[in-house]
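After this come two complexes, each holding chain A, first together with chain B and then together with chain C.
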Partner chain A sequence: MRHLVVLAATLMLGATASAGEVRAPASFLSPDLRALQDDPSRHPGWLWVDGGEALWREAPRSGRPSCEGCHGPIDGMRGVAARYPAVASDGALLNLEARIERCRTDNQQAPAFGYESEALLSLTAAIALRSRGLPVAVETEGAAAQHLAAGKRFYETRQGQLNLSCGQCHDENVGRRLRGDVISSGVGTGFPAYRLEWNTLGSLHRRLRACSLGVRATQLPYGAYDYVALELYLAARARGLPVESPGIRR
Partner chain B sequence: MRQALAALLLALAAAPAAAQVAPFVVTGDAVSAPLDGLAGDAGRGARIVRNRETANCLICHTIPDPRETFMGEVGPPLAGVALRLTPGQMRLRLIDPTRINREAVMPAYHRIADLLRVDPRWQGRPVLTAQEIEDVVAYLATLRE
Partner chain C sequence: MASASIPARITMPAEARRGEIIEIRVLARHAMDRAIDAPGLTPVPRKIIHTLRVTYDGAEILHMDLSPGIAANPYVAFTTVATTTGELVFEWLEDGGAVYERRQMLTVT
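And now, the complex of A and B:
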């Protein structure tokens, strides 16, 4: 009996130990890609960063202030990306893209950029860069708790014709090869990222849509609540890991 | 009119769906009878296993073929699988491995029930048909070393 208890305890320890080992995505990159990610002079994502910094200073045609007009120089955005997704004052869970779009429509009274537009990717990358190297520090309690729970449920649910949950790859098979890819811990800290397969910068939701398609599940629309809640859960798993955005990916 | 037509098309699409999954009987950890009584063809099975659009087995498994590159390592190597499993055991592992282990990672290749959020393009269809399952079983049965 005693033995059984000890056995059960070790089994549980084993389980939590492997589930707890969430590694930074950079640690899965080939040395070449890692060097590229660390070198702004060669990193193609900096084209978007430069564009985003210009947009930050540009006043919209509505006559309302530029981003800089309200927030000051973009360097003041240090640490912001590390705290998103976050719950806004009206209770909505916003990721960084949605936060920017809100400022755009509500405060600048200008038409939304649109998810995955060059402008929104650029601003997101330029703001995220100000958190590069800082530890992910999302709020998971209070109003965020229910969204975190929704994200966790989504992450753990088998889905699609291939009937796989996110964790079956990104917890149980981390480090193994899936065709030419090495499966990482599946966190979003490198996004927006320049993906060689895309030949452009793309958002985390674009990457999530690729994983959904991979298991032949419905691809949710950009900005869908389930993906934003999932994004919060991924950020909670990545808590303490450095923001890598803009990342470089295969 | 448009709506009625759409509903009719949906109904037509749904009707043969159930028929797309062959009935089978599980004995122990095997399905000994070939699905729909079909005979498998190992040559066709070898092509199905390598097909990246459909079965895509090599995303997770290796086979003993030096011409194949970038094979996966999520599942066990399939070399020698015929020495470890009978055709009946292979059949059940292809039809639905969760019948053996609820936590199985390998997809169920011949199941349509109780799947969540399946992309509309694949709804109501199993990944592989009964004939394709039999072809793959016939191929796996040749992997004796």
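And now, the complex of A and C:
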């Protein structure tokens, strides 16, 4: 019976994951980095989490309520990050960053933080932390289906001067080494993550831009639709894996 | 010199028994900018936390020199013996003279 459940789960996953098993990013980390990721007393990402929690309670200058004023304590955001990217009521596909920015400009009537700003990273990290350990559970049916297809198309398209698609590394060569690192399954469950190469916290889109640069393709701007659609496809690949944000990455 | 605040996380017990060895973990947010000075580059002066000083009930228990080779957001862990109820004062000394300070109470039973 148990085998049947596993088989059924594998088949369901097979609908989105094209080849092989998608493993949690933490499983590609060294034991030391995994321990660091799980230790708030050493993990530098918590410096941003602290900042984000302060921002959550801080009312904007516009006189509108703070995040807490509407949503209550930030612990109520449990599970939210695991459901993003998601389609908004107007049909736009929003990731967590875009959702926060929209709330900020529309409801708080305050100027947007700006993608990759310290404030937006901090708030995103603090909210994503509330989903830590919960399984990724993005909606891929209905209105999300067309965006998922767009993300899948982007994932499978050969890009750049090196003429590589995402899957040529992240499906076909998972677990093998590329320069100093191990090639992971390429899911974004740990973002925003503290990347040692950056010495700072960064968004998934910053990481995707590094991937684009790596294959010598055009680096799309932060928040570009192709990246958000890809983010949805990656989340669909990661469905059931635990959220690791804020992660530690090499 | 007046002390500013710094985003930092200090992990230590609030209480300890007399004679107990306690571990103190200090993580601070700082870019630790190394000096940049090479042909073709815009020179940037060095701006790092050069010293971390910790006093416990007025006595210095840690004095650490930090070098430009240390990565951003320096993390330091050390131990001390709980002797008396008192305040630990953490001071980060930055290039240019700025001093950042955080305080934490330790109650000894």
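Quick notes
Just so it is clear, the second predicted complex is superposed on the first by the 231 of 250 C-alpha atoms of A that agree within 3 Å, B and C clash if a C-alpha of one lies under 4 Å from a C-alpha of the other, contacts with A are read in each partner's own complex, and residues count from 1 in each chain.
The rule is short, and it goes like this: a residue touches a chain if its C-beta (ideal position, glycine included) is under 8 Å from a C-beta of that chain, and two chains touch if they have at least 3 such contacts.
Computed from a prediction, not measured in an experiment: that's the story for all the values here.
By the touch criterion defined above, A:Pro135 reaches neither chain B nor chain C. When both complexes are overlaid on chain A, the residue A:Gln219 reaches chain B alone and has no touch with chain C. In the superposed model, A:Arg179 makes contact with chain B only, not with chain C.
Applying the stated contact rule after C-alpha superposition, one finds that A:Gln161 touches chain B and leaves chain C untouched.
Once the two complexes are laid over each other on the shared chain, residue contacts for A:Arg42 go to chain C alone; chain B is not touched.
Shared-chain residue A:Gly69: touches no atom of chain B or chain C. Residues 40-42, 44, 46-47, 50-51, 196, 199-200 of chain A are the ones that touch chain C when the two sit in their complex.
Listed in rising order, the residues of chain C touching chain A in the complex are 7-9, 11, 25, 27, 29, 31, 71-73, 75, 77.
Those residues of chain B that touch chain A in the complex are listed here as 58-60, 70-74, 98, 105, 107-108, 111, 115-122, 125, 127. Taken in their complex, chain A has these residues touching chain B: 157-164, 168-169, 172-173, 176-180, 183, 212-213, 216-219.
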